[in-house]
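Shared between the two complexes below is chain A, which pairs with chain B and chain C, respectively.
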Partner chain A sequence: MDSNQAKPSLELTHEKPKGVPVLVSFSKHDQTELQSADIKIETVNLAVFYGKFRALSDINISIPEKRITAIIGPSGCGKSTLLRSFNRMNDLVPRSHIEGEIRLDGENIFAMGIDVVNVRRRIGMVFQRPNPFPMSIFENVAYGPHLYGIRNHRVLQEIVEKSLHQAALWDEVKDKLNNSGMALSGGQQQRLCIARALAVEPEVILMDEPASALDPVSTLKIEDLMQSLKTNYTIVIVTHNMQQAARVSDFTAFMMIDSNRAGKMVEFGPTAHIFTNPKNKQTEDYVTGRFG
Partner chain B sequence: MPRTTLDREIHHLQDEVLLLGSMVEQAMVDAVDALKRRDQEAARRVYHNDHLINEKRFAIENATLITIATQQPMAHDLRFLAAILEVDIELERMGDYAKGIARIVISLKDAAIQVPIKEFSQMAELAVGMLHRALSAFVTEDSNLAQSIPPEDDQVDALFNSTYRVLVTSMIANPELIDHSNLLLWVNHNLERMADRVVNICERTIFIATGELMEIETSEEEDVL
Partner chain C sequence: MSTITSSHSRRSATTYINPANGYNRRKTINVIMLVLTGLLTLLALVPLFWIVSYIFIKGSQYLTPSFFTQLPRPLGMPGGGVLHAIEGTLLLTFLSALFAIPPGVLAAFYTAYHPQTPLGIAVRFGTDVLSGVPSIVIGIFGYALIVKPQGHYSALAGGVALAILMVPTIIRTTEEMIKLVPQSLREGALALGSPEWITSFKVTLPAALSGIITGFMLSIARASGETAPLLFTALGNDRFEIGQLIRGGIQNKDSILTILGKILDQPVDSLPLTLFKYTQQPYPERVNQAWTVALILMGLVLLTNLIARVWVIIRTSSN
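And then the complex of A and B:
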């Protein structure tokens, strides 16, 4: 190469070329936040099958620890299937199996010798419709710890009070702990179910449409509760309500079905980014309501 | 699946922004023309009609807020509506500049003072032309067109600088004309600022099209400061 050949100058200059506007970006790209967070759950080339039907295909997602991650997407895109895979709830579906890996704190939860019960203790779940057991409020919350072998009533009392406090329900039920859990309002029942999940001291809480059966006030209570819980827990929420995902989550994953009707991950990133400036056209169409 | 209501409201807001822009362009052309002809009547019309620009600005702001509240826009739609709130203010302020020039025409009455009208007319023509194309770029979300306009601000800045020197020199030479010359410095200032605000509109267009919050620095920026 000819060393005399003109090269672009690399020296810094304060002279701006005349007539050429200089663009200075003030946009904040918070991808760094994703990179700096510890990863709680990670999937590696995950595929989930129901019999021969491939419900999820090639899912690679890293769920940051002590953050709220929302999974959004149209009906049938595999959001709930993905969520239920995280604590091996899909094992309960006949003829289901997975390919790839799901790692909890770096350890494959499908590896030989893994205790599924322990996985489900570490990863709790809250469902769409509040499903308290037909027993008292106290027994609902004490049920899990009791199942795991705690028999001391005083210890159980402490766990129940702490869990109900964390679920922002204590003040409303402290005087009627022996009443039936079924007698509470819908929003209270859902918070009771969250208290029940918290009682076994999980690390991750999976929420599948936790507020879709609730009125707006109860919904906001659940959303506030999620914010207070994320200081101690990793939360993953599946929601049809995009505004809810935008309100509550730190990160958002958008899923769609591919041409074989298998769910795939389209885009994953900081929520602020997904809802103001998504990179993928399909994400843009979905969050602006122009999907389909 | 189109969002018929949201799309209709966005198109309506685009039309309203263009309408507000044309009102501002006309006000500036009329104000400088009134200065050229020292036409008190025409200046009074510009001065009083400024309230129409203000009303239109608030109507657009109100309609935008209602669309945001009722349609819950996201991503590109949200960026567009947020940008409208900014552009709306820029246009109203430009209207204030025209009103300010009209007010100066009224204050000058028939005072015997040399007005650098050739330069002022040129600045107004440049700024109004920039605004017209900047609003076209805004409603068509043409980022390339938006980026091509700010360099023209250099020409307005150059005219501002030369006219400033002429006016200050005349003030030194004729201290009795200081009051009136000072008013003309304000005319100079208003025209220069109008072009600056056009650059702000161009930045918003780039934001809508790319999602990037950009500041466009033109080459003469430091010279003006």
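And then the complex of A and C:
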């Protein structure tokens, strides 16, 4: 279990970061090692409860900055629960609570005195189904900035244009910014939601199966978009699609439920390792399709 | 593997289903049922058309422009109208909507998002009970609450009584509409760091608005047809004319508040109240006028419903 296997035999992702990764946590006992990427989000013995039910237990994961981290695993293993605890969306579930810590830049986001609004501004989210607001395209993107007190229309216009450019949607909608966001196609709606998230200048973007409701062409666009966004943003994506995880991500976390039906982190490491040379038998079975 | 083998063995075994069995019987029952449901649907619509056409025939006799623009004349004199009742109905409806809608919508947001809290359960139970309270009881309540302490009947008391009648419907319909808005929409806003109240008003409410407005219109239509609560609160006033009150106020150089106070502080009439009183009178002309009042009232309710539906169609097609 040493961490010197930086040369995977099979290159699965098209854009591997140079000189990075040996950030591997083989099991909960091992320390996460980090060589060249900084840690953006870190969980420490995280457990999430819904009422008395333990949905996640002993999660220790370090999300590297400006990389794409994929979370894979069978249905019901707590991938989304983990993702949604990063920006405290689980607070919305009645009678849910967490144990352990989630640190954003080293600061526990569940600590007293932390403003959840600020956490969510810094950690944006894109959902499984596109969920544009029932407003115009412009208003959808301007919603966040307006919320944070930007009222000057010219500034708002700049932000909207910049965000739509970043989300690779500008050319398609620049002539119809006042049309309803709901009138766009599914793929466009999803990019609108990404633009909306980018407009509040987040540092991290969480994506909960962002392409599972989209057709292959739109999926490809979203994946290309993720590649261009990772130069500035830390991206965490939950996906059911292992090929997608292999294509887009730099790091992959594999999760499973244990005998108590609680989600656990089985293995976390560079994507190439997870897919070609997994350390854990369960991971191997899962990524080779023998299971799940 | 096991499923594949089992389906193989299934295929080779004898089949139990013969589609030809009882085919004619099923077809016949289907046709009978279809005819039966169609006939009963027609039967259910009979009262509606009967009422509408009957009221139209009986009521169109006095349906002249002056009936809408004049106050009642003394008995025995021809002509006159029910302007007082039309204005009173509009005033009472406006007041009751004003009193019922804001608290109703806020309460609906609370019960929709906190259904399991003690207050949420209590409000839900309370609205169920309140919607079952006979309207005349609410009239007596309005009498004890406002008329008795003030010492006189008033439009204000009538508006409050009708508002109490409307609140449960508004809470329940609004709550249902809010619940229909996908949770993901609300989460999308919250994930941007939007506080819950801004999310509710800027995202959830607009998304649910067409349904909520329909609920408003239906409860308004219902309240504007109520008689019983007004017997004890608005009482009736066949000299009520808002135009006159405003003109008189301007002549006296009264402030707007004083004029408004005068309008709200005196007894008013309403269409159902007038209808009720006219039918009690032993004069054929009044009874005939009552039919016309019924026609106007029905037209008003129909119009309100129509506006609500057209509005919904326009809203949904623009999105």
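Note that in this section the second predicted complex is superposed on the first by the 257 of 292 C-alpha atoms of A that agree within 3 Å, B and C clash if a C-alpha of one lies under 4 Å from a C-alpha of the other, contacts with A are read in each partner's own complex, and residues count from 1 in each chain.
In this text, a residue touches a chain if its C-beta (ideal position, glycine included) is under 8 Å from a C-beta of that chain, and two chains touch if they have at least 3 such contacts.
Note that the structure is a prediction, hence the values are computed from the model and not measured.
Novice: Once the structures are superposed on A, label A:243 by its partner contacts, choosing first (chain B), second (chain C), both or neither.
Specialist: It touches chain B, and chain C stays clear.
Novice: A:200 in the overlay: touching chain B, chain C, both, or neither? Say first, second, both or neither.
Specialist: After superposing on A, A:200 lies in contact with chain C but is clear of chain B.
Novice: Classify the contacts of A:291 with the two partner chains as first (chain B alone), second (chain C alone), both, or neither.
Specialist: first
Novice: I'd like to know which partner A:182 touches here: chain B for first, chain C for second, both or neither.
Specialist: second
Novice: A:94 contacts which: chain B (first), chain C (second), both, neither?
Specialist: In the superposition, A:94 touches chain C alone.
Novice: Just chain B (first), just chain C (second), both, or neither: which does A:133 touch?
Specialist: second
Novice: Residue overlap on chain A between the chain B contact set and the chain C contact set?
Specialist: In chain A, no position sits in both the chain B and chain C interfaces.
Novice: For chain B, which residues are in contact with chain A within the complex?
Specialist: Contacts found on chain B: 1-3, 6, 72-79, 147, 150-151, 154, 206, 211-219.
Novice: Can you list the residues on chain A that touch chain B in the complex?
Specialist: Checking each residue of chain A against chain B gives 16-27, 242-243, 246, 275-278, 283-284, 287-292.
Novice: Flag every residue of chain C that touches chain A in the complex, lowest number first.
Specialist: Per the stated touch rule, the residues are 116, 182, 184-185, 187-195, 198, 202-203, 206-207, 318-319.
Novice: Within their complex, state which residues of chain A touch chain C.
Specialist: Chain A residues touching chain C: 87, 89, 92, 94, 116-121, 124-125, 127-129, 131-135, 143-144, 147-148, 180, 182-183, 193, 196-197, 200.
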